[in-house]
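Next come two complexes built around chain A: one with chain B, the other with chain C.
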Partner chain A sequence: MAIIDDLFKILVFPGFLFVVNLGLFLEWLDRKIYARLQNRVGPPWYQPWLDILKLLSKEDVIPEGASRFMFTWLPVFYLAVTVTASLCIPVGTYAAIYSFPGDLIVVLFLLTLATIILFLLGWYSGSPFGRVGAVRAVTQFLAYEVPLVAALLTQALLADSWSISLVMARTTVGFPRFVVVHLTALAVALISLQGKLLRVPFDAPEAETEIVAGPFTEYTGRRLAFIRLAERTEMAVGVGLVSDLFLPFPARLGVLGFVISAILVTFVLSVLRASVARFRIEDTTVLAWKYILPFSALGMVLAIIVRG
Partner chain B sequence: MMLEKIIALSRKSSPWVCHFNSGGCNACDIEVMATLTPRFDVERFGIQLKGSPRHADILVCTGPVTKQIRERLLRVYHQMPTPKYIAAVGSCALSGGVFYDCYNVLGGIDRVLPVDVYVPGCPPRPDAIIAGIVKVLQKMEADALELGDQGRASAAEGGNSRVSH
Partner chain C sequence: MSDMEIPVGPQHPALKEPESFRFELEGEIVKSVDIRLGYVHRGIERACQDRTWVQAVYLIERICGICSHSHTTCFCQAVEDIAGLEVPRRARYIRSLIGEMERIHSHLLWLGLAGHEVGFDTLFMYAWRDREVILDALEAISGNRVNYGMNTIGGVRRDLTDRDVEELRSAIRILEERVGYYTDVALEESTFRNRLEGVGKITKQQAIDLGTVGPTARAAGVNVDLRRDDPYAAYDEIPFNVVTAEAGDLLAAAEVRLGEIRESIGIMKYILDNLPDGPIAVKAPRRIPPGEACSRYEAPRGEDIHYVRSSGGDKPERVKVRAPTLANINAVAESMKGVRVADIPIIIAGIDPCFSCTDRMVRLEDRISGRVEVLRWQDLSRRYRR
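Take a look at the complex of A and B:
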C-alpha cells in the first residue's frame, strides 16, 4: 500500500499531474488577465491544454545543424528538472513529497539547472537565433539570480530556517515588526521571478520581434510541447515558492490557501507584464545590479537587524 | 476515432500563424497586423502570431512572389512542420494584382506553394482575413478527422495543380 500511496503522491497529487495542470491553469489566468487589461475577451479556459495537444500531434523536425542527442533529450531534462523541483514545494499545509532541512537550496539549485538547460537548448539547436537567445538567457541569469536568492534568503533569515515548510509556518511570526523587510523582499522576489520566467519586461532571451523565438526557435511538435510544459511547471514552482515563503495563506488555509496565493502572485506578475515594455539585455543587467541588488541587500541587512 | 476527434479539436482551436511578405506594398501587412490588435481579439480563437515558422500551423502570405523571394518563401514553407496550411491574403497574393506581368514577378502565391484559402482585397479588411483563417480551420478539422496525426495528403501531393517547384 505504501508504494501505491507514494506513486499517487508523485504522479498525481501533489506531484506531476497537479503541478503541470496548475502551471497550465496559471498560464490561462495570465493570458486572461493580460487580455482583460487590454480590454478584450481573451482565450477560453481550456486553451493551454489544447495548445499542448496540438503540438503533440504535429510533425517532429530535427534540423540539420542541430545536435541530435541534445535536441532529443534536453526538452525531457528540462521537464524532469522542473518537476523534480516541484517535489520539494509544500502545497499549503499538505506536506511536500520530499522535504528536509535545506530543501529551499535544492529547489533554487534545480531552478538554476533549468536555466542552464535553457541555454543548452538554444546553443545546440543549430540556429543563430537560438544561440543569441541562449547567450542572452545566461546574461539575464546573472542579473536576476542573485537578487532572487537574496530575497528568499531574507525570508529564511527571518524564519531562521532553510526548510520551506518551516519558513512557511513562520511567515507571520513577529508580524508588525517584520513587515517592512517582508515587503522589500517580496517586491525583489516578484521582480526577479519575472526575470527567471523570461516574461516581459525581461523577455529579451525570447524576444519574438528580434530573435524569432530565442532558444526555442527550431523546436517543433512534441519537443516544443515538452518545453512549454516545462516552462509552465517552472512557473508553477516559482509562483508556489513565493506564495509559500511570503504569503500567510498557505500555512493557514491549506491547499485552498496555496491556490489562492498562487493566483494572487500570478495576478501581480500579469499586471507587471501588461504594463511595461521589454528591456534591452544590457538594461536588464544594469537594472538588476545597480538598483535591485542593493535593495535586496538592504532587505537582508534589515532582516539581520530586526531579528536582533 | 476518439483520438482523431481530439486532434481535430486541438488543431482548430489553437492555430498559430506566421506572417510572410513575399513582395507586396506593405498595406496588406498593416492589415494583418491590425487583425492581431486587441480590437479584433483573435486570441479568443486561440490564434497567436509566432515569429518562427517552426511553430506555425498557418503561413499567412501577402504580396506577389518576386523572383528574388521565391527561394526564401520555399525555405520558410519547408521549415514548417506538417500539417501546414497557407492563406494568401490580398489581390497580389492571389494573382499578382497590380504587379501582374511585371518583369520581376512570378505571380500569385499559388505559383509556388499550394494555397488553401484566398482572401481577396487590396488590402483586405481584418474581418475578411479572420473569415479566411476560419475557412482554413474548417479545412484543418476535416483533414484531422480523416487522417489523424498523419499530416495532410493533399498538400504532400501538391493539392493545387498550379504548383511548380
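Take a look at the complex of A and C:
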C-alpha cells in the first residue's frame, strides 16, 4: 500500500497533476488580471487547458538546422526538471513528497538547470532568433540569480536552516519579529522571480516584437506544449516557493493558505507586468547589479545583525 | 557571439505589413541593414487607368487603411485643379474636419504600437481603446470606420447634421481628457521614456538631407507642415500651431505626435464652431479636360504627393502616388546603424511606416540563376485574378 500511496503523492497530489494544474490556473489568473488591468475581458478559466490540448494536436515540425536529438528531448527535460523541483515544495502544512535538510538548495539548483535548458533550447533550434534569445536568457540569468538566492538565503539565515519546511515553520509562524528584513527580501525575491519567469519587464529573452519568441521560436505542436507546461510548472514552483518562505498563510491555513498565497503573489507579478515597458537586456543587468543586488545584500546583512 | 544575420520580415511580429529588413549583427549591435520594399505592391496606380475618374477615387481610398482620407483628398484636389472646379467652402471645412479626425486616430494608433514594440502592452490596449472614440465618431458621420468614402470630385458626399456635430463635441471632450492622460503616461513613465529617449536619433541636417517629411522631420526640428506652408482645404482660414521638437529621437517623435493630437482637437473645435453653410459639392464633369496637376497633402505620416494627368477622357491617363513612408524610410536605414537589437522594432515603428502605400513595383530576382523578372500589369492581374 505504501507504493500506491507514494505513487498517488507523486502523480496526483501534491505531485505532478496538482502542480501542473496549479501552474495552468495561475496562468489563467495572470492573463485575466493582466487583461482586466488593460480594460479587456480576458480568457475564460479553462483557456490554458484548451491551449495545451490544441497544441498537442498540432503539426510537429523540426527545422532543418536544428539538432534532432536536442530538439526532441530538451522540452521533456525541461518539464522533468521543473516537476522534480516541485517535489520538494511543501503545499502549506502538507509536507513535501521529498523533504530533507537542504532541499531549498536542490530546488534552486533545479530551477537553475531549467534556465540552462532554456539556453540549450534556443541554441540548438537552428534559428538566429533562438540564438539571440538563448544568449539573452543566460545574460539575464546572471542578473537575477544572485539576488534571488540572496533573498532566499536571508530567510534561511533568519531560520537557521536550509530546509524549506523548517524555514516556513520558523519565520512565518508567530509574530514576525523582523518585518523589515522579511519585506526587503520579499521585494527582491518578487522582482528576481519576475526575471526568472521571463515576464515583462524582464522578457527580453523572448521579446515578441524583437526576436519573435526567442528560444521557443521554432517549436510547434507537442514539443511546444511540453515547453508551455514546463513554464507553467516553473511558475507554480517559483510562486509556491516564495509563498512558503515569505507569506504567513501556508503555515497557518495549510493547502488553502498555500493557494491563497500563490494567488496573491501572482497578483503582484501581474500588476508589475502590466505597468511597465520591457527593459533592454543591458538595462536589466545594470538594474540587477547596481540596485537590486546591493539591496538584497543589505537584507542579508540585516538578517545577520538581527539574528545576533 | 559571432556575426549573424537576423531577418526581420517579410513575416515578423514587429511588422504589421510584410516588408524585409535584414540585419547584420555583431553580438547585439546592428552593423548594417538591408531594406527591401515591394512585398505588397498592388498596382493601384496602373489600375486607376482602367477606371473612370469617380471609380478611381474609391480605389485611391484603398491605398491606405489609415490615411484613406488623405489619399482621396490629395487625388480629388489634383483632379479638381485640372477640371477647374471650385470646391464649396463647407465641403472644404468638412474635408479638413475628417482629415484631422484621421490624424488623431492615426497618431493614437502609433502611440499604441510604440507601446507594443517596447513591450508596454497596457499602453497599447488603452490607446487603441480610446481610438475607438474617434472611430465611432467617424462611423457616425460617414458610415465607415476607416475607409470613409467622404470625398468625391468636386466636394464631399455626406453633410454633417446637427446631431453629428453634437456627437463630435462629446467625443472631443472625452478625447481631450484621455490625450492629456497619455501625454503624462508616455512622456513621464520612466521605463517607457527610457526605451524612446536617444533611440532612432537623426539630426536636423540629416532629416533635411534624407528628405524626411511629417512628424519624423518635425521631431528633428525641421519646421515643415503643408497645412501652413501650402494650405489646402480650409487650412488657410483655420488657426493652429505646427508642433516641433528638437531632439530628433523617438521621444521627440512621440511628443510631436501627441502635440499634434491636441492641435487637431483644437482644429476640430474651430471647424465645428465656424462651419459655413452652403452646398457640399459641385457637379464634376464625366470627362476631365486634358491637363496635369500635382497635389500635396499633409497626411498623418507626412507629405503625400499625387500627380494626375488627363488626356480628356473619362479615365485618368496617369496617376502617380508618393506616400510619406517612402520619404521617411531612408531615415530608418540611417538611424539603424550601431543600435542594439532591442531597439530595432521601435525604430522601424518610429516613422509610423505604411508599407503597402509605399511599395512600388515588383522586381523578382532569382539569386541562384540570376534571372530577373519584372512583373507587368498584365502579369499581376493574371496572377491575382480569381
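The rule we apply is simple: the second predicted complex is superposed on the first by the 302 of 308 C-alpha atoms of A that agree within 3 Å, B and C clash if a C-alpha of one lies under 4 Å from a C-alpha of the other, contacts with A are read in each partner's own complex, and residues count from 1 in each chain.
By our rule, a residue touches a chain if its C-beta (ideal position, glycine included) is under 8 Å from a C-beta of that chain, and two chains touch if they have at least 3 such contacts.
This one's a predicted model, so the numbers in the text were calculated from it and none came from an experiment.
S.K.: When the two structures are superposed on chain A, do chain B and chain C clash or fit side by side?
M.R.: By the criteria stated at the top, chain C and chain B clash after superposition.
S.K.: Output check: A:Phe279 vs chain B and chain C. Expected answer is one of first, second, both, neither. What do you get?
M.R.: After superposing on A, A:Phe279 lies in contact with chain C but is clear of chain B.
S.K.: In the superposed arrangement, does A:Gln38 touch chain B (first), chain C (second), both or neither?
M.R.: A:Gln38 contacts both chain B and chain C.
S.K.: With both complexes overlaid on chain A, does A:Ser57 touch chain B (first), chain C (second), both or neither?
M.R.: The answer is first: A:Ser57 touches chain B but not chain C.
S.K.: After the superposition on A, what does A:Met1 contact: first (chain B), second (chain C), both or neither?
M.R.: neither
S.K.: Thinking of the overlay built on chain A, is A:Glu208 touched by chain B (first), by chain C (second), by both, or by neither?
M.R.: In the superposed model, A:Glu208 contacts both chain B and chain C.
S.K.: Please indicate which partner A:Ile305 is in contact with in the superposed arrangement: first for chain B, second for chain C, both, or neither.
M.R.: neither
S.K.: Does chain B (first) or chain C (second) touch A:Val132, or do both, or does neither?
M.R.: Only chain C; A:Val132 stays clear of chain B.
S.K.: For chain A, which residues lie in the overlap of the chain B contacts and the chain C contacts?
M.R.: Correct list for chain A: 38-40, 129, 208-209, 212.
S.K.: Would you mind writing out the residues of chain A in touch with chain B in their complex?
M.R.: 31, 35, 38-44, 46-47, 50-51, 53-54, 57-61, 129, 208-209, 212-213, 216-221, 224
S.K.: In the complex, go through chain B and note every residue touching chain A.
M.R.: 6-7, 9-11, 13-14, 38-39, 41, 43-44, 46, 49-52, 54-55, 57, 79, 81-83, 144, 148-149, 151
S.K.: In the complex of these two chains, what residues of chain C are touching chain A?
M.R.: Its residues touching chain A are 1, 4-7, 12-14, 25, 28, 115-123, 125-126, 129, 189, 191-192, 194-195, 340-345.
S.K.: Which of the residues in chain A come into contact with chain C in the complex?
M.R.: Of all residues in chain A, those touching chain C are 37-40, 128-129, 131-132, 135, 200-201, 203-204, 207-212, 274-283.
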